[in-house]
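Here's a structure for you.
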């Protein structure tokens, strides 16, 4: 069992307050408006999580990157190679390797989430080690085979009010349709992510466009039909419960092209003649266009800029994307977002939630922007920053200037379904601890503190995402 | 009444030390070497602050921006439109709107200052709310009508030793002259801010130059006469007590032009033919020139770079400047200030006080520069950063490298006169708390701590500004 | 005597844990894998530290910069002028000036180190002041004359396991040879620093190349012979115990040139015709080349980018380099290191230890890179950042994402030999305090904490530097 004071500042005054505030939110339902869980898990009532390695290691690039950074080849962790050459397939051996290196996760959020999952979901209190690896493997495998550890059963046990997945604009959303049709009451909703079709330099862009034509029923032959196809897809996502879109780009640059320019670039792209400058300008333009559509159809717009994807090219070529090789970049918002905010930022029909991996922008750019523009909300700490210190710095750097009510609550943003309660619990504890610090310094009173803690746990996310 | 331990760390050892240190400075006079209070308030002995909305809401863009960010139109807050269309004029209704949304200020410095002012200046202990809005309005209105709540009376009650205003280079300073002539003993001094004439792209630059000719008596027809006119104005400001100049620019770039280049650009500007590159180079040149003049006339030079003014263009067009739409930018000092520091930075006759909205420059550039160049002092946390956490980060990031004695104490930098005690009190509490932390960790002893706390409260500001 | 709780957080729970953890590492030997102590001190068994001013003031640009920043001319501190004009030579007067201004070091790491050295090395407990300057001078001078205060004696008393110096690629390492030949058992090893020959714009580059030819025995006439000469020098350094190289550059840019391009640039440089662009490209290329050599010869590669050397040009011209006028720059790693990391970063034979003066890169770029690439380790807080708060921020910003085991322990990086114990003690205290904070919040358990504290004190440095 997790220590009841897990994560709380040791000062007795503050800790007592943190406990009290945390108590009031710890059992609230989980609102998960942004993440990467596979909807397939919930489409099939008989789905399971597979082996302990399937659950804890293979899909979690936070885990594999740390092992890799210490010289453990990804082949030994069972990560499939692009060239099909053999990799470790014995999940027990993979699990042993992970357990023998569990010390690498000391003081990391991955270490905390893993311990939390093992303890709270599976009742395992020992930290993994070379010595107990086999015993833990057996205990986990035995539990994972039981029906009460099926994805749907855990969804309910975790008290998930809503779980948003992230889906390509070209996705047929068959799993979401199956879930709806199944009569199961869990709320799993898609999120519209058009990166693969709006970023001209996305891998496989041309095929994505063809797929877009196919799924939308709109023959995409020029910019105008492209826009119509996107509008069709957005409506379709909405029909399956989507409340939001999501956009990744190297920078948050937004700048409108003339219709003729947009059409020319799109024409060149269709013929394979668009260059890097075209792609950058088109992505910036499409951000404007997506804001315009959000204004009209009410989908909340999420922006996740500043990650250099697949920085480690040799690793990418061997293992494909999402292996821990995405590295953040300096990110500028004040100049880049100006055109978008000047055009749409004063319109209360738009909600634009912005994330960053560049903390230097928190107090300098993002908090002042969120504290001014009605349309802009600041998303929670993202990716590497979703950690005890990362969350603390976020509160410290953002809240005084943006104001709590211009933030968007929490996202778990995870592929690892079983880590969802751990991540929300960490956020709720960190929130309670931060608010307790304000009370202990007499900056807010206890009534205000209670209201703030509930907002952070569920209220802000529900309102920001119109849930 | 504010809690006696307001803002202090809850650790009992540290808190006891903080209390003791704070006690030794809390009643010291207020030294306010930089701010934006209207001198008119003190020129007329019968001046009042008007209604509660006049005092707390209308002039305070920290307050209006937060309400605006949550979708409240500025028209409802009584902010006048540039096109003269009607806005709310019922101050009681404006006040109610503010009170009903007071929760938005939870955990923000505005919230703390407002509570502090209400409590310490007006004896109102309840936080504003929809329920008590009318009662509070009446209580405040009644007090504001009394002579002991006149600006001059409060100036004395606040124990203000000196209050510096900020004034355009072209300002005739009639209110400062009236104050001097009136025999009233409050020390209200002007500060020379030439942005409107040295930044060629300032709105109304041509008219400003004409006004400069008029007030200086120097016919500005070329660069040489422009410089003479500026020297005349500086001397005039000094004659009314000015100790400093103030300079805002998008970047801190400083670079000397040849006299011919300066003259050519100025000539083009007079004919309306200067372009953006001209303006940038001329501003950089004038920063050098202003340092040269400061060396000669002894006026302390303040530099406030890195704010993108009027970022929200539609809002600017509707309501004019200073409505909360100024957003910080990444700011580079090491390369930009090099020419100025190489030319004047070793000269002890110059004092250059630098501010920033980009905290990433604190430990990286500004503290190392301040810890080296005799002329450079680091100003206190500016604007958004003048908050409990902002001040704590400043101490954390700056003091070890710059050294306390290369910093410039505190500026309240406010338009809101009645918030001055609250702001200085917050700084003094934060200072005492920071120094207490050093003592509690045995990094300085108590005698050193006492000296440091007094320096922070008044000593550093008095010396840096030659007061 | 230093307070036993020096530097520890005052919270009783955390402090008790910090004490306990610190106790377990405080007497461990000192591992000093990077620094700037003069090997000559240990080559001559009869060497002394000279006067108190020779020891504490003259060679320590942390000390002289702070005094200079407050208007004290370097001439008064006895710093020799390049033009040979007279400067203060009375060391007692220099000492008095330092003591009279000791308050300037309040709250700075220099102040802490100086107090620590005076107390722990020399038994002097009073803080220096105008009043006790002469008395302290006499007491120190008397001690410094004794054999037990000779460099070799203090080396042993300090329990230094290994001390790495930093040496030009062209250095004959005669002091290192003398130490080896002397039979004295102290381990003093050189570090290969080729900046003077690989940075084409280094002062005296041409003479450095001639010297390189002379010491290597390879006639450097083109790029190929240049590379051979460098390989010869690396082998020579290794033969005298070197385990690492060190590289400074304005940016961490790395980019391979074709052999022809490299040869062309080198050819132009030999003829004095290389320009700034050539120099930048060649430095970036040589970083790649040095990584390639490290892969082959096993020398650990250190990279210290982002310092603008000799920013204060007039001061540099009067007093030469290393007078406190080096100022950090914004530094970008994600794009700049990409070519090097793509080529060599997955190879476990390479260890690349990266440092920064730009803390904004810690959580944004460096921790994600170190948490991914097997070759990359993150060096400890460097230069200005090697301070109580600087170290705390490093732990806070780096460890969650990089993971403890991808960091490289501590470097003292000092020219001031007698400050070495103070610096390592400060690091060990700060480490113990940080780990204690994790335990107090139940994020790691006490066994893990003990292991982490030992790693931070010695284990990580020994492994990263293959000592």
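When the chains are written out, they are named A, B and C in that same order, and each has its own residue count from 1.
By our rule, a contact is a pair of C-beta atoms (placed from the backbone, for glycine too) under 8 Å apart; a residue touches a chain by one contact, two chains touch by 3 or more.
Keep in mind that what you see is a predicted model, and the values were worked out from it rather than measured.
Trainee: So subunit B and subunit C: same face meeting same face, with over half the numbers shared, or different?
Mentor: different
Trainee: Fitting on CA atoms only, what is the rotation between the copies subunit A and subunit C? Please report it in degrees, nearest 5.
Mentor: Superposing the C-alpha atoms of subunit A on subunit C needs a rotation of 120 degrees.
Trainee: Averaging only over C-alpha atoms, locate the centres of subunit B and subunit C and give their separation in whole Å.
Mentor: Distance between chain centres, rounded to whole Å: 40 Å.
Trainee: Any chance you could list the residues of subunit C touching two or more other chains?
Mentor: Residues 11, 360 of subunit C each touch two or more of the other chains.
Trainee: Report the residues of subunit B in contact with subunit C in the complex, numbered from low to high.
Mentor: Those residues of subunit B that touch subunit C are 11, 13-14, 332, 334-335, 338, 341-342, 345-346, 348, 360, 363-365, 367-374, 376, 396-397, 399-401, 403-406, 437-438, 440-445, 448, 451-452.
Trainee: Which residues of subunit B touch subunit A in their complex?
Mentor: 2-3, 5-11, 65-66, 68-71, 103-109, 112, 127, 308, 311-315, 324-330, 357-360, 384-385, 387-390, 393
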